[in-house]
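Shared between the two complexes below is subunit A, which pairs with subunit B and subunit C, respectively.
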Partner chain A sequence: MYGLKSDLTCDLPTKQYSISDYSKGVPRWCPGCGDHAVLNNTQKLLKEKQLDPAKTVFVSGIGCSSRFPHYMDTYGFHGLHGRAFPVACGVKFRRPDLNVFVITGDGDCCSIGAGAWIHAIRYNMDLTVLLLDNEIYGLTKKQTSPTSRLGTISNTTPEGSIIPPINAIETTLGVANASFVAQTADWNPVHMYETIKAGFEHKGFSFIHIIQRCPIFQQSLGKEMATNKDAMVYLQHENGIPFGEDFSQSVKNTVNHDPTNLSEARELAMDRENIYMGLFYQNKMAPRYDLYGSSNLGFTNDQREKVLNAEFDKYAI
Partner chain B sequence: MNDPIQLNDTHAKNIRKPVQISEHIIEIVSDSGEGAQKCGQSFAAISAKMGNGVWTVEIIPAEIQPPARGRAGASGIRVRIGTNKITNMGNEADLIVALNEQVPYGRIDQHAYRDGTILLLENKWAEDPDPEIRIKYADALVDFKNRGYQVIEIPMEEECLKIVGNARKGKNMWVLGMLCNIYTRSLEKAERQIRNIFKKKSDSVINANIALLNSGYQWAESNLNLRFEIPVKESEEDYLVMNGNEALALGVVASGMEVCSMYPITPATSASHLLAEVLRKAGGVVHQAEDEIAAIGFAIGASYAGKTAVTITSGPGMALKTEFLGLATMAEIPLVVIDVQRGGPSTGLPTKVEQGDLLTALYGQPGAVPKIVMAAATIEECFHFVILARKLAETFRTPVYVLSDANLATGQQPFPRPKIKHDWFAPPIDQSPWKEDIKPFNWDEKTGLSKRSIPGQIGGQYTVTGLAHDRRGNVSYKPDENQEASEMRSRKFASFQKTLNPPPIKGEDHGDLLIVGWGSTLGAIDEAIEIAQNEGIKVSSIHLRFMSPFQPGLKEIFQKFKQVMTVEINYSDRIDNPQFSESNRRYSQLAWVLRARTLVDIDCFSNVEGQPLSPKRIVDAIKNKLGLSN
Partner chain C sequence: MTTKEKNSFSEFFKEDAENIQNILHPELNDTNFKNAEFEQKVEISKISPPKEISLEEFQKKWRQMRSFFRNGKNDKKLDLKLSPLHLSNRNMKEFILDEYPIFLNTENFTEEVPYCGSLKEIILNTLNRCNIDQVKESIIFIHIERIIQNVNKLLLDSAPLFFRPTIISVLNKLQTDLQLTAEVLNSYTQEIKLFTDKMPKNGVIIPFDKVALFKILENTMSAILVPARIKLANEINKLEYKIQDILKVEDEKKPSSNEAKNLHDSYSFVDSMLKFDELVSLIPESGSQVMGNDRIERIQTVLEDLKTNALLFSQYGFLYVNDLFFYNKDYNWNTLFPKNQIEVFQDGNGCDAIMFSFKKEMGLWAKLFKAMRIADLELNSSYDSEIHDDYFKNFNWQNFTLDELNSCPKFLLIADSDQLFETEFNKLSKLLSEHFPIKVIALKTLINSKNGNEELLGMNLHSQPKLATLMLSQNNIYINQSTVLSPNFLAKGFTEGFLAFSPAIYSILNTNDSDENHALMLSAAIEGRDFPGFVYNGQLGLPWGSRFNLENNPQPDKSWPIHEIEIINHLNRKEILSAPFSFADNAFLNDDYFHYFLPVDSSYWNENLISITEFMKRNHLENMGKLPFIWMKDEGNNIYKSIVCWEMVMATQERLDFWRFLQENSGINNYHVLAAVEEVKKEMKAVFDFEIEQLQIEQKIEIQKIRDEEADKVIGNLTSFLLDLDFTNLEIKSDNKVNVEPIIIDEVPVVKEIREKKPNKVESGKIAIEAYIDTPLCTACNECVGLNGNLFKYNSEKLAYVADVKAGTFKELVEAAEVCPVGIIHPGTPINPDEADLTQLLKRAEKFN
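Up next is the complex of A and B:
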């Protein structure tokens, strides 16, 4: 957090933030919902990074998980269904000083907000994006989501869903200018923390897909996901997501994957047999639109007047 | 104007004394892509620079390359120039330049010409290898003469080919030269205009165009017995001449807004073209979003973060932005929305004028969504209203809509050069710590106003939500809290209305008829009112700039007139059709709102022909309403 600088001085913090400085209200998510774990890990990260709550903005759409900003004592924007990305991009565009997080769900991101999702990936603005994917619509009471598995029985698909789901990792990796794509799960808090942390540290659009349980509408699926550890294969690399000592003992399956290898990342994402956890892809050199957006800040009134007068001259009679 | 014109008179030079006229309406019509608009805009700019009053209207087909020589594909421009200030497109044209004999028919369909109109016609079609074209040309010549036009056939192609290999590129500048001679324009100013238009092109391009200009000028000098002079009025004041979209763009720069987030849509896009170039130099950025919805979402995000933003669109874009517009009102986020209206509904008439978005601007969102809606009536107002819109948006913590339309968007008119004020530009955002006890929606009981904190402001953290919320910004579904919040969001605009004055009345404050207009019809209505008043008709007019909330005192004004009628460019049922009665008649948009607001039995005259209203049409409507014969 702190340390001596090269000139043997150090910036003393004016305030030491604790978890309570980042939390607000009592989350109204169901007991056992994966959202709680994401909230806790995020607050922990903010404390670890000592982010100024006043300089931090959580932007969300609509859905269970999009209530998230209401539980953060930072600035928050709980906007419209599917529209978290454009709002977050607008917030960041001329405010490089702000830490901007996007909280979105599978319906919010992959269905109604799919268009904005694709383009937000391409813009590659410095946003930390958490997609809380429980494969079901919860707030509206159990409808199939675009990430629901084939055969999902829901109120809108009583005979089971018949269209294959969108794989959010695969889709993101298919979009031009993707720069950080990682996957984690709500029942692996240590891995989730490390993943969100790596995402926050990445300068660009950090897309973190969080596989989640919905204890109400996806009960059996949740149990199966959390208990069948064999289905999870952890991506291992010196530039990937670190496991942590405690956690690495419980990891059974690992595979080596260099996160700069895009085609291998895509192959892994398309593997229907295994679920890979960790960093699929990172490109630190991808062009960032927010750098362009904030490249001409702070013009004085005199500068503006000069430009405007020069324009007037072109139209002068 | 009906004097016979002698052509190719060998003594042309000696007898060509310019005829003094106070104004003229000139049209240049061609196939798409022949540069008629560039020619007309240049002619207008030269005339404005000489000190004449000017108004232009572009004639634009919806397609980029419609079939050649067709009446539907007519592309061109109308330029009205005069000694005095010109405020509208006027009635029928006095002089037309047509690059083929078919394109005038597109305008004839729109009653743009009259008996006696001078038609300068490209004559190359008379010798066309295609016999069908030769026949069409010959037939049209006869028809034009039957219609009373004074046709002059001109070898434009032949003359241009003496200078350039392809006359299609460049004929417009030859025509410009010809017009400069006919209207005794300064050749020097015309040359400067060409250098300005082609400043990004090579010297050889500029020189070729100047050669064409001179050739057209000299040809007219030697061959045409046709010369007019439109005297100018001396003015001490500096003027600018530009179109409405350019004025909107420079208004954004002047307003100090740093973010314009838009999606391309006709006829609004050209504002963003200029803005993209200028805003970058002035400390801002134009963001071309992936769609209309993202465009406004991005703007709202920037506004929320303290950089009040503008989004520029047209009717179909307004429809898509609906949900976000409701959010901006609900969450009390400042935002400027510019709507350059076009013909609707749906995709409608993309390049044509209509004032069809008033009701959607006022009531287009579900629930109670009060906001400020302004309508620019002139090109000068397009500039100044954007600056005002930003101030109002921030003061009242609300979206502010500025309505323009396709007529203002492409129309050029000189206006006094604005004197730049530094307080137009934003003051730096106060980032001092927020007093913890101030709630983010700390509505003042009297005014409904509240102060908002901006990300970065210590202690001001709160969560914006589109859900019903209390003063803390926390989600609240309590009946009394939602009632209170709705009242407070409405009260702001009642407070704002108290700062407005009743609209000034043109003419007497009582009489037989009051005309009520809004937006780009101002000039045509004013001119019509003057004509009618000069004929002894007791008619006056008012022109509204604020559509929500309305300027106060309207009912009191209306009550002093025997009848009140709006004049608008949007749809209304014509009462003379037997299908329509008072119980089912659909009124034009302003009439609907004014009837509900004032309980006065207000009539309307409107159409959706996609054309600006001419003064003559309005005079006819006034007379018709008063039962006077024309």
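Up next is the complex of A and C:
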């Protein structure tokens, strides 16, 4: 009231960003692909938060979804297959001022990158991770992925797959130090937007599993999932993810779930009957490795020299 | 490795580092490189984790702390640069300037546009009247701070600025500053258009400095006087003409006017028809009946008096300014008050001088108003010498109506508060008690050793001279204590006080713009209840409490304003701290009082350190062994608790006592009210308890009664049943069952009927349905847009909508609906009835409509 407020910052924004400030090129994904929806919602989020494109990084691995950084007018890193997490962790470790997003797919994250995935969860660095899971390898023209359902017929399993798929939510919840685990689907743009927003606002490793359709290689499955409103059960809680005004009418089934309850979250994740949408688990108190790593940032050259010399001196005879 | 070798090694490394740097960034020299380095900003204050300390050291520190509390005075100047925790991380000077350029409305003010206020208030007020859908998303709202900052920059070059052109240029500059892209630009230009339509037409922007107060004052005076004077001038003009007419008629009645020449002059238009020489002979020589000489003389004096108004009107006010301010170069009185007469007075003479001048000036105005009233009576021919002569003989300013008084010039005594208190107090009391409508402005500034008031510091700590509250004993006057921080409130106060018949006294804490952070110090003085604002309007009549108003204070219902501050605690977790801002926090902002505080880091904290506000709430027994503290932070945002010594606690207590006095008067936490509420609660409880008891007793009696009756009945029934029992047929029928069944049977058909009717109501309509998309649910998958980019388009959020139905065929609409992965396209009915295969298409479209 009288100038003693503490909620003001001295940084005045120098530019008002619009969606076109974040978009670049024409996405080459097939028409009908869910990646379009994720891209659109991410750009919307950046606009709402007015993030500086020069302070935002999108890191991806290999796959259809991993083309994502090309369509964002921000910094990006289209990396090695399965190595999106190590790159993103490295960026965040030395540049904690950047907003780091990780875009990964079911093959990139759950197959070749599974080792990196597990440790990234445990490091709990402040990353927003979007796992775009279409349950198939689309870029290489239809092979079974680790998340493909039992019986999926593809080029690699012409008789139908015989091994049960990895449940990404269940896996993440099983790793030590998980701090934000949520699930949404590409055909619910309002819910997806709220979920990505909640993930971005969470300080820590926000893992968002986006169930997605592949209109080319999994057409019938996608159509069925997107149109059957009964199949989805929405997690409801005051600390959870709001449905959004436009979307609340199409929510049919809801269940109350407290996102701080880990064991209940695991039970829900293991339920093979229903697909749960919303925030499974959130722990705001989980320790973050990036905070530890950033403690010596901002050293001047002289200071660095001093520290290095002190280290060298340990070996002086 | 020898020392020499080691040195050379570090030298080598240094060179190497520079080489690497030169290779990587040849464009940067060493200093630039350092600046370009990433600096992590810590915006939230944090409590550093306690260090390991031996018990002995801990006890030693505590002994030192206790001794400091008792004896006070920490002579050693602190190494740390501390400030109260409440201050934002922002550079305070910059921040305060952001809040306060002041807007002055120079047109007649309406209720919508405030008369005066901080620029931020005016912008927000205008935005709210703009009918913008979401004000919080508008660009003007988001970047309001930048707008204010830009205005401030302009103010540095020239002041005052005209409001309208300034704002328009700043809004246009914002567009280039923010590099707005085309899609936002449209809505922004729209926004500017709405905003400029609604914003005040005339007004100026002035900087927040020590003369701002007088600019507001001058503006208020003009705003009151100008309309009143215009009204008065009109009335005087009318009266003048009418009175002149009377005299003219009277002139005509004189015998001399009956000469043929005069008649010819008057009736020349009928020259050819009349013979004036003959006409003269017809008029009686005595002429017509004329007025008495007394009356003519009176009317002539009235006319002369009425004509003096032009001279009187040239003065807006008479300012009597203390020589302390008059000769101060910072104030240019003639420019500040161009239409006022300014006199200087020396200590002790002000009240006499202004009273003398008031009587003299008011004598002239009394003459004018007297003339007006007599003129009015004369025009109605109802002047009666017997009654009116006596009344007008003693006519003076006390006979004025409020309207008349308001068009008189204002009499202002501008003096230093302390000086009024010391040398002029007796005469001031006399002046106020005699109810001359003189307005006194007592100015006060915050003092510190830097502005040359070192000797006053000690006295000022223990209590503030309470000039305004002392004047409460003059019951029916207007008293206002405030600061320049809330210009709107101040202007309102001036209007209220100046429009009243009574004297008014304004005790105003003015800002001293040569001090560092002057606005911050001012606001801290108000937050810390060192200079609480209040208004006492003696004219408001009897309910005594209604005369007081404490609105002009932060959180007036609380003892101290409480602020919530986000901090990081010693466990590295975020926490919300609610910390009151007390007088001690305020005092700490003044460098002169540093020795009353002893900062202590988290290693020495324990439960015996309690906040100063808590400390003052408890009695001395509860406070045994406890030490009061206030929150502090250093430049690196590390939090400390600072022990406050006994002397400062007493000073804080004094401020609290005074604040409680004001609160009690204005009915906040009033003892009598609270006691009455308690009393009523007790009474109500007693009444309820009694009623409940009665009901319980009644209920018990009732239950007993029913029990007895039922028991009698049951026993009676049982006996009769047993007596009448026919042992040949043992089937017992329950009466209840028989009663319930028919009801169910009755209800069922009704329900059925409704259910059957429902489907009949829904009829498949044959009306034309428009094609549409549930836009918010669109996944932007490119299917429909790829099919026909003219028929379907994306909006600014990249969500699809039906742009133009005529741009495509119904077939395309149906196909799009079929391929849409989320099924949100509704093709409606075809607009072209001649399209091929319509029946088939309609069938396909059915499930999407």
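Keep this in mind: the second predicted complex is superposed on the first by the 295 of 317 C-alpha atoms of A that agree within 3 Å, B and C clash if a C-alpha of one lies under 4 Å from a C-alpha of the other, contacts with A are read in each partner's own complex, and residues count from 1 in each chain.
Definition applied: contacts are C-beta pairs under 8 Å (C-beta built on N, C-alpha and C of every residue); 3 or more make two chains touch, one makes a residue touch a chain.
Keep in mind that what you see is a predicted model, and the values were worked out from it rather than measured.
Residue contacts after overlaying the shared chain place A:Gln303 against subunit B, while subunit C stays out of touching range.
Look at A:Asp97: by the touch rule set out above, it reaches both subunit B and subunit C. When the shared chain is aligned, subunit B comes close enough to touch A:Gly293, but subunit C does not. Legend: residue contacts after superposition of the two complexes on their common chain; A:Cys89 is shown touching subunit B, with no touch to subunit C. In the superposition on chain A, A:Ile19 makes contact with subunit C only, while subunit B stays out of contact range.
In the superposed model, A:Gly174 makes contact with neither subunit B nor subunit C. Of the two partner chains placed by the overlay, only subunit B lies in contact with A:Val57; subunit C stays clear of it. By the touch criterion stated above, A:Ala316 is placed in contact with subunit B and with subunit C alike. Once both structures are placed on chain A, subunit A residues 95, 97, 297-298, 301, 304-305, 308-309, 312, 316-317 are touched by subunit B and, in the other complex, by subunit C. On subunit C, the positions that touch subunit A within their shared complex are 1, 6, 9-10, 13-14, 17, 21, 30, 33-34, 37-40, 43, 86-92, 94-96, 99, 139, 142-143, 145-146, 149, 177-184, 485, 519-520, 523-524, 526-527, 554-555, 561, 563, 565-566, 572-573, 581, 776-783, 786, 796-799, 819, 821-823.
Within the complex formed with subunit A, the subunit B residues making contact are 48-49, 51, 196, 238-242, 246, 250, 253-254, 256, 258-259, 261, 278, 280-285, 287, 289-291, 293-307, 309, 323-324, 327, 414, 417-418, 420, 422, 425, 455-467, 474-475.
For subunit A in complex with subunit C, the touching residues are 1-10, 12-16, 18-21, 27, 29, 31-34, 36-37, 39-40, 43-44, 95-97, 186-190, 213, 215, 222-223, 226-227, 246-247, 250, 285, 291, 294, 297-298, 300-301, 304-305, 308-309, 312-313, 316-317. Per the touch definition, subunit A reaches subunit B in the complex via residues 25, 52-55, 57-59, 69-70, 72-80, 83, 85-95, 97-98, 115-116, 118-119, 292-293, 296-299, 301, 303-305, 307-309, 311-312, 314-317.
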